[in-house]
């Protein structure tokens, strides 16, 4: 029983991180119909920056967010304006996949070149600490990572719901033409949407670096589950992605008890195929998916 | 238009076929000068990619060995010269590298690459051209069951036998003091799994119950759930079939769950000098098998350690020692047979000689069975008072074995 | 027509002469690798070129073909060539449900599934050790007996790969001229319109997909028999799949010989850079940059780009030409702007074209 409860807690903590990252992927797809393969490569890049920051300065990796979040936001805007928007609209979905894929390769290659292929891990004085809660041990670092993800997700939600920019962004996602008609500069909004999405990668990367080893090719490990999450959640729906992330994260964690780590990972792909077979537009929202 | 494009394509293809053949054969092949000039030795190593760290260690070992030989009169009176290619940790590349070394560079001898994954395809190429293949890494059982009659592993023991001394020590305990339950977690890698399952087989024979048996993919980074299972089982012994980083992660995760085993053994990682730093002060009592220690008093070892330390500034580790051992093994065969050239007859003589003879190396005297398995065992090390010391076998021990591991 | 035949003949002669020109077995083995790439890229192009659906995960099918062939040979001891074909057929059958799942919705899901397939198969083949040999890898018995030495093996496999490539090209050519091919190309240009014109888009896409998987699996199986060792990490690798895309795209996905040309260029470049620069991680960066450049500036590949360049210096009227919907839109967009930079307006299918005919079409 305690194992079950422990796994449940670990699953929730993992699901939180998945949710934040999937929200970023959903944003790109929403504003541009772009499947952003390089999302997880940027995640690992952020993790490396956090690691590098801590090794060089000896300060807490969380402080690196002050640099990485604005940096990634600007990078995202520039990427959308300079690269993605150059693609022909007719083949945008396919070609953007290839373009972001090639960006992922470049990031992976550069990371390997600069930091070598060695696995890295941030050494934290509190890495082995844990809090006991109803018989389950919760690692402090995992709790921080979850907190970071939850706060960012909450902030993202508030931005989208409460601000004018958020309304413009949602309008752009729902109906770009109509948004343009009422005077929204959809190009600029799409750029900001991209920047926002990439900022989630910066936060996620730092959270990841707290309690995990990183190496350049790790992003392949993340992109599969994340893509499965956004399809199950319904391409383009942020709440859908968050719910799917939580459910699948929990499912993965619980399935590890009977199946072991390797086979438990297949839950993402089983869910992906099941979704496409049964309900291709995704289970939560996802009006957009039908058209793509 | 269609016409010209096709035509052009044809010419282009022909031209590129010609440049391909022309350009790539520019490598110097020294045919017809056998017996003179340096002895060239071809090696492919993973200098980039997943295995780049150990790959570079092996490279340092090989280069130190070659310089040492050249400083001491060479091999058969000839200098040795290494040609090292990078296979990017990729099995396709490693085969094409040996193909290139043998055919285009015309090397006289080949040495093996790193890791089981790369040894098997490389050994196949060497076998097809009749070359002797001595390799410094590739300890897993699978290497030896493929029917390679040209292969020799230049280390004391295959992966499954790494924990033999520890198993012997546990067996020697009175029944009541032996551990009752054991948890195993191994990376899905022929070598890492081999070490853990070798010990598992022995412990199960003694009646130690297996309560957790987990295999995780090589690139696992989240050990939370594996640790949760092990902690939940409250096993007396935890055995990790690990490389480096996964062991660190697993130990951190186990500590997060406040699991306290009576005995903890991990392969590879604890012998890494960075390990105590990564884990903090909680290393006391952690066990690990090792194939090499600079302190060992085998005949040639002191010289090796001295030469290497002077060259590189640090004493050699296991990868470097295994590379050096490979050099020693091939050199012994070459000196005994008196030839070093790519001719299959010469290579066959080298193979036959190694089959029947014992070679003194820095990891001890080595002999091989018919499939190329070395017939020795690994030493067992343990962190005692913050230092990693040899604790088993007793005649080589630098410190006493701690049976009840302190809390971490 | 005559010169066209001549061109193909020269090409075939160049391919056939390669083994006797190769100075040593290593270069021959590089030739085999390049031919294998050519087979895979051409097979990929059945779906990529005709329908415009970009699969980043075709390594799934080459890997499955390789393992299928190897396991059949090992466990049943049947003739390796029969095993290879059975492996290909098995993969084709398997491709049906995968195709149904990924082609029902447009675009994005197809790419996602293609990548997911590689990742899931890597997991399965690594973990299911009893059957697949797991991460230890799997050795494949040789199709020829011991008396066939390694250099001769390379030569035979070079010709075998060339033969497989010829068959694949022939099928591609036949489809290209058929009604089926026209339907597929209609899907590529505008799926909605194609559907409203009565093209059974889903069935067509699925058929193209299955044919593509079949040939890719044959390519994988043949490679397995040649190389003799399978490791899941390298069989089910995203990188292998992306090589296929890069090669096809670089050469030109709409031309018959585009993928072949791309394979020669990329295969040679990989070997050349390795020879020159050796020990860096830059091969990933180079591959990424090259792919990015192709996508941004040359999305129709070298062959159309080159033939268009030639056309500029060749005043010649054209009969009928194919223009993709995307290109038309592009033309319309750039028509009002500074018109000189319409370099991104490529001729498709190496059919002749010039400024004049464009004017006529509009």
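In order of appearance the chains are A, B and C, and numbering begins at 1 in each one.
Going forward, a residue touches a chain if its C-beta (ideal position, glycine included) is under 8 Å from a C-beta of that chain, and two chains touch if they have at least 3 such contacts.
Computed from a predicted structure; not experimentally measured.
Of all chains, the one whose CA centroid is most distant from that of chain A is B.
Pairs A-B and A-C differ in how many C-beta pairs touch across them, and the larger number is found at A-C.
We define each chain's centre as the mean of its Cα atoms; on that basis chain A and chain B are separated by 38 Å.
Computed from the mean C-alpha positions, the centre of chain A lies at a distance of 31 Å from the centre of chain C. Across the assembly, chain B contributes 48, 188, 215, 217 as residues in contact with two or more other chains. In chain C, the residues that touch at least two other chains are 123, 126-127, 280-281, 283. Multi-chain contact residues, meaning those touching two or more other chains, occur in chain A at positions 112, 117, 262. Residues 52-54, 56, 100-102, 104-109, 111-113, 115-116, 119-120, 123-124, 126-127, 238, 242, 245, 249, 280-292, 295-296, 299, 324-326, 329-330 of chain C are the ones that touch chain A when the two sit in their complex.
Contact residues of chain B toward chain A in the complex are 48-50, 52-53, 188, 214-217, 219-222, 224-226, 228-229, 231-232, 244-246, 248-249, 252-253, 255-258, 277-278, 280, 282.
Residues 29, 33, 35, 37, 83, 86-91, 93-95, 97-99, 101-106, 108-110, 112-113, 117, 216, 220, 223-224, 227-228, 231, 235, 262-263, 265-266, 268-269, 272-273, 276-277, 280-281, 289-292 of chain A touch chain C in their complex. By the touch criterion given at the top, residues 1-14, 16-18, 20-21, 23-25, 29, 47-48, 85-86, 88, 90-93, 95-96, 99-100, 102-104, 116-117, 120-121, 124-125, 128-129, 140, 142, 146, 188-190, 215, 217-218 of chain B touch chain C in their complex.
Considering their complex, residues 1, 3-4, 6-11, 13-15, 17-18, 21-27, 29-31, 33, 123, 126-127, 134-137, 139, 149-151, 227-229, 231, 233-234, 257, 261, 264-265, 268, 271-272, 274-275, 278-281, 283, 303, 306-307, 310-311, 314, 316, 318, 350-353 of chain C touch chain B.
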